[in-house]
Amino acid sequence: MAGNRLGEIFSVVSFGESHGPAMGCVIDGCPAGLSLSPEDIRRELRRRRPGQGGASTGRNEPDEPEILSGVFEGKTLGTPIAIVVRNADQHSADYENLRDLYRPGHADLSWEAKYGVRDHRGGGRSSGRETLCRVAAGAVAKVFLAAGGIQIRAWTSSIAGIDIPGPFLPGGGQDPAFDFDETENNPFRIPRRDYAERVAEKIGALKKEGDSAGGAVSCRAEGLPAGLGEPVFGKLDARLAAAMLSLGACKGIEFGAGFAASGMKGSENNDVPLPGGAYKTNNAGGVLGGISTGMPLEFRAAFKPVPSISGEQETIDRRGEVRKIIIQGRHDVCIVPRAVPVVEAMSALVLADLLLLQRCAGIQEPVHTKRT
Amino acid sequence: MAGNRLGEIFSVVSFGESHGPAMGCVIDGCPAGLSLSPEDIRRELRRRRPGQGGASTGRNEPDEPEILSGVFEGKTLGTPIAIVVRNADQHSADYENLRDLYRPGHADLSWEAKYGVRDHRGGGRSSGRETLCRVAAGAVAKVFLAAGGIQIRAWTSSIAGIDIPGPFLPGGGQDPAFDFDETENNPFRIPRRDYAERVAEKIGALKKEGDSAGGAVSCRAEGLPAGLGEPVFGKLDARLAAAMLSLGACKGIEFGAGFAASGMKGSENNDVPLPGGAYKTNNAGGVLGGISTGMPLEFRAAFKPVPSISGEQETIDRRGEVRKIIIQGRHDVCIVPRAVPVVEAMSALVLADLLLLQRCAGIQEPVHTKRT
Amino acid sequence: MAGNRLGEIFSVVSFGESHGPAMGCVIDGCPAGLSLSPEDIRRELRRRRPGQGGASTGRNEPDEPEILSGVFEGKTLGTPIAIVVRNADQHSADYENLRDLYRPGHADLSWEAKYGVRDHRGGGRSSGRETLCRVAAGAVAKVFLAAGGIQIRAWTSSIAGIDIPGPFLPGGGQDPAFDFDETENNPFRIPRRDYAERVAEKIGALKKEGDSAGGAVSCRAEGLPAGLGEPVFGKLDARLAAAMLSLGACKGIEFGAGFAASGMKGSENNDVPLPGGAYKTNNAGGVLGGISTGMPLEFRAAFKPVPSISGEQETIDRRGEVRKIIIQGRHDVCIVPRAVPVVEAMSALVLADLLLLQRCAGIQEPVHTKRT
Amino acid sequence: MAGNRLGEIFSVVSFGESHGPAMGCVIDGCPAGLSLSPEDIRRELRRRRPGQGGASTGRNEPDEPEILSGVFEGKTLGTPIAIVVRNADQHSADYENLRDLYRPGHADLSWEAKYGVRDHRGGGRSSGRETLCRVAAGAVAKVFLAAGGIQIRAWTSSIAGIDIPGPFLPGGGQDPAFDFDETENNPFRIPRRDYAERVAEKIGALKKEGDSAGGAVSCRAEGLPAGLGEPVFGKLDARLAAAMLSLGACKGIEFGAGFAASGMKGSENNDVPLPGGAYKTNNAGGVLGGISTGMPLEFRAAFKPVPSISGEQETIDRRGEVRKIIIQGRHDVCIVPRAVPVVEAMSALVLADLLLLQRCAGIQEPVHTKRT
């Protein structure tokens, strides 16, 4: 199948080019009978919207979702849910000089190698604007998950070279300085106000330089029953890794102790199971053998710096000749804060799908899906 | 779909429990007319086999593959290729005490939460022995790729806390100390003899302690045409990430500069395109926008330490009561060297599939697939 | 996966309820570089539109398609092509009395058994209006097929109990009375004017009675290369059978000699191959072993009479009590003429997909796909 | 995906060539905890085996199934169930003269057009022997369905031009002459002894002539809950149609009143719903809008005559020259009786899958799946 579809049961097809008429998605497989309103989608789209702080692009779009199908009298019908968002604030003329030039760090060249043709305006479908489709679909998945008591929260854990300490103290226990409620209060989605201030300075300096930054997003899902994930190729972590790496700027992912675990001894890394379903530690990040353990799911995704920078760069043109390029248009200095709701959305899509698939695992329905 | 199938066109279904009658796979979608012999599969299975060095388990199996279908007079027919390997050297009695106990760091508990039942002998299907099926299938994919001029090579780049320097010098250029041909000469699959010796000591010490180690595998594919990968959810890196995280012990993956890229500026990270199809640098790891650029594909996967260690550990039993556990049986101190051919196999499966999918991208066949 | 997706490579997701805001589809996997205009889609939608003759409903909608994505400067991009058609002329109030009643012969009851909820207005998603999505998608597939020299033509071969003789004389040879060009000249899509007149009378009489009729559609595809179809479960005829039976009113299908072949002897039924790729006869209908033979593909699909009739009928209501029902709204006396473009569209979708899949059958591309 | 996989959740991959080492299948997605023994599979394979009567081939194989995985201590594990049956009684030399000749009515030519290569021995993978894989997989599906109270029964309803009257009298009510228990007592699987005797004579005569016959199989599934089927492309009847047409000799299918319904008026064809979930009639064959109604599922599939006949036939060879052909080997006069268990198996596979998919239709599990 072509690559614009994600999920087996709770599945989504994404469509739209950055400067085409509209972006959108079709969700097929959302269970019937779920209460769903446009506001559920609007709320998440608003979190993804640009123009929320020093780090993001000046493009300003209302991003108003229209639900074209699948919902009747406030409830899902079990039929496909099509959601469309019109593109409103394109400045396509900004891109006219890119028709024959390939921007460094962008997918212009590889995209053209693949398809022979390319919509050069704003990156076409390789634009970050495509994540809007994911957030819209993910918003529906979140409503479904919330009905089952599952909550997903992501935050900026590294940005512009500044690492934000996590929720746990090195010796164990919660760090009181980590305040998840702070996350949506600052433009960087950092759960610590002190760090948000330091980052603001750094990002401001980069903006002046005309340069850009990357970072990392951490994500945590709570309320997951044990048993989600389809061994051996559809493992929970495999599915999430694919979902995150399907984001254009994502260059890596790690679960639980992740890369650090690769340097540990077995005796250090093993999480000891406790009576009642919990574990003494969670180095595994809530997934063992590709199946959720019932502990919080924890992973971290790395994002490269925004490739669109203001300074002059070298590149080649369509004829293969060396050229200078100046990138116009409005660009984020760092997309990591805006990636936070996208990471949540992608996680929600994967989890909703695995939750439904788990209904098929036994000859009797597992008890935990009853709550949904 | 249940989780034992990988790939859209060149697809594989894996089957078998560690202590059941046999392991195997069925490849559906391998193109017709490819020359294929049992030796092509045997050669790769031999690389995965245990008992090759200080790091691996004492289990000794011939792992002789039988091709049950899909090949006639030395050529593939275009029909499913079924490959079976009998399990021969099981010591199931070693596992009898694990019927009601859950091993820390293993998938025993999560697996049982999922399915309600579990084959406790050797981990059943969550055993590392399941990777045999992947290596068998990957061997066929490698033959297909080789016919198209694509070569995949992996190596141990970190083990037991010791990082092995990569092929490139920090300032650019090849490091002459990195000798890929050395990789298969030492039991750790390290491309430097000096590091292999240091690692031998460290692993020996861990073995004495009854402890275990993790590490990382680096992988590089050369000869890939630009254009592989199916945006937006079937991106080359997304597909590879899922393939690697589908390995039980894998806890993370990064492409090109990976996590390090997240701390760079855009001006540092952007790879500048050169006339002729190459780039000045390869921070992207050969993939931009989820599509191969034509530069070498490069990624690194992290593996946690082997959870089976000799010492007494704490755990719970089926009734939820705290118990002591001593793990018997034969176990690797570190599976990283044996993961090397598995990482190659998984990469080959993904690339073979994407190479075939790429034949469908345009109204005219792209020229580069003609070589296959 | 949920059931609103068809196809592996050239795939389509259909969405929309009859009285919701819009109907539409997303095509994923249409090759890049194909010339495509809204008129290509409009032309086919016009053929499906009601109000074209004595047999069809009075509902009158412009059915103007909007292409939201996937086409840039008149060429397909290789990205998803989303097409939306607004619902304009709903008379939802006509259906208010059906909120708690189940119409005989309709899917009201079974749909509610499945999902628990139902959009009662005009049948919701089980409405014949959903075929609009298929025709829109099929129009794109037709453009792709036409570029490869493949033409699909369907016609009404039976209606209201009147069988229309086929293109061939019983003894062999073409029947000159069969004039395919006549098909689009009469409201019944019958390739013989004499029969069209007889049918007009019969349909007129049924309309007065307040009753309805069924019939059959025959379909023929020419220009197909030999080799299409994916044995064993994705056979050409298996895929087409699923496509036709996915139409709500379709109750049967037969290929070539079909049910009549089941009464023949082997010596009568076998088609003898001739030098040059043709066969003496085409009892097989152009498909052997599920693979196209290169002869014209021929099949016939049966459609039941329209279940919405004017007279009073018996049924039950939501509480399970017996009730009388009078169906209001505007309904076709017979949908068979309007099914003709739908059958063509579904055939085109299947063939486009199999044509792309066939690119993956060999280690070298087969020659015949070069023409596309 | 290549064509050897059927099903979304309860899925099967089939493999094997008629004269290769073995036939087999891998079932992925069978729920865990189901009691399953080799005898469950052996029983169904025995029904498919040749040599049971005047109509079938002299090839005699034990067809002993070996379960390689997925079952532990008599219960399914939720992991893939691989089943292998060795090919034992091949007479490959019988086929040597067919290496360069294409048998009329067989898939030899179309298969070679597709793949470029072909296993000419016994039809390779296009052999009827491939249905063994389906029967083995279907046997597992039947066990799963039986646990949910669903029973599937097929029978020969037409053979060699002789139609066997169905279970219902034209005026309504059961025909006492129709005795389903008789079906397995005669070699033709006809539920009436009188007809079985007439057929024996006819088939005997055809055998002497060296000719062959076709026929039809009727199938009925009882105990199905209302609600199965995935609109709009995964409808119950669409899925079954694809399953039946995936059988090499099948040339048509009809549901309920089928082709006859196309000549009825709406007032005649509509099934009136009754209190309690039943309908006055079952012209729909138990499926409305592609969803099971709760009435018995009823369909009929047409099979062409066996193409292998004894007499001399005309054909072409690999160089495209006209040749005479005499087909040796052992062949059925009519495969319809042996198709009966195959039709049941294919139905079981489709129903098992749809039953699992239905678990995902609502936010709460539907009550009827609790019985499984």
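Letters A, B, C and D mark the chains in the order given here, with residues in each chain numbered from 1 onward.
Criterion: a contact is a pair of C-beta atoms (placed from the backbone, for glycine too) under 8 Å apart; a residue touches a chain by one contact, two chains touch by 3 or more.
Fair warning: this is a prediction, and the values are worked out from it, not measured in the lab.
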> Among the chain pairs C-D, A-C or A-D, which one reproduces the interface of B-C, with more than half of its contact pairs identical by residue number?
Replying inline: A-D
> When A-D is set beside B-D, which has more C-beta pairs in contact?
Replying inline: B-D
>> Nearest whole angstrom, what separates the Cα centre of chain A from the Cα centre of chain B?
In response: 26
>> Just the number, please: Cα centre separation of chain A and chain D in whole Å.
In response: 46
> Using CA atom averages as chain centres, what separation in Å is found between chain B and chain D?
Replying inline: 39
>> Can you pull out the residues of chain B that are in contact with at least two other chains?
In response: 1-5, 8-9, 14, 29, 32-33, 78-79, 114-116, 125, 231, 357, 360-362, 364
>> Under the stated contact criterion, what part of chain C meets chain D in this complex?
In response: 1-6, 8, 14, 102, 104-107, 109-111, 113-116, 125-126, 130, 158, 160-161, 206, 211-216, 225-235, 237-246, 248, 250-259, 261-276, 283-285, 287-294, 302-309, 311, 313-316, 320-322, 357-358, 360-362, 366
>> Considering only the defined contacts, which chain A positions touch chain C in the complex?
In response: 1-5, 7-9, 11, 13-17, 20-24, 26, 28-29, 32-33, 66-70, 72, 75-82, 84, 114-119, 124-125
> Which residues, counting only chain D, touch chain A once they are in their complex?
Replying inline: 1, 8-9, 29, 31-34, 78-79, 144, 147, 231, 356-357, 359-365, 369-370, 372
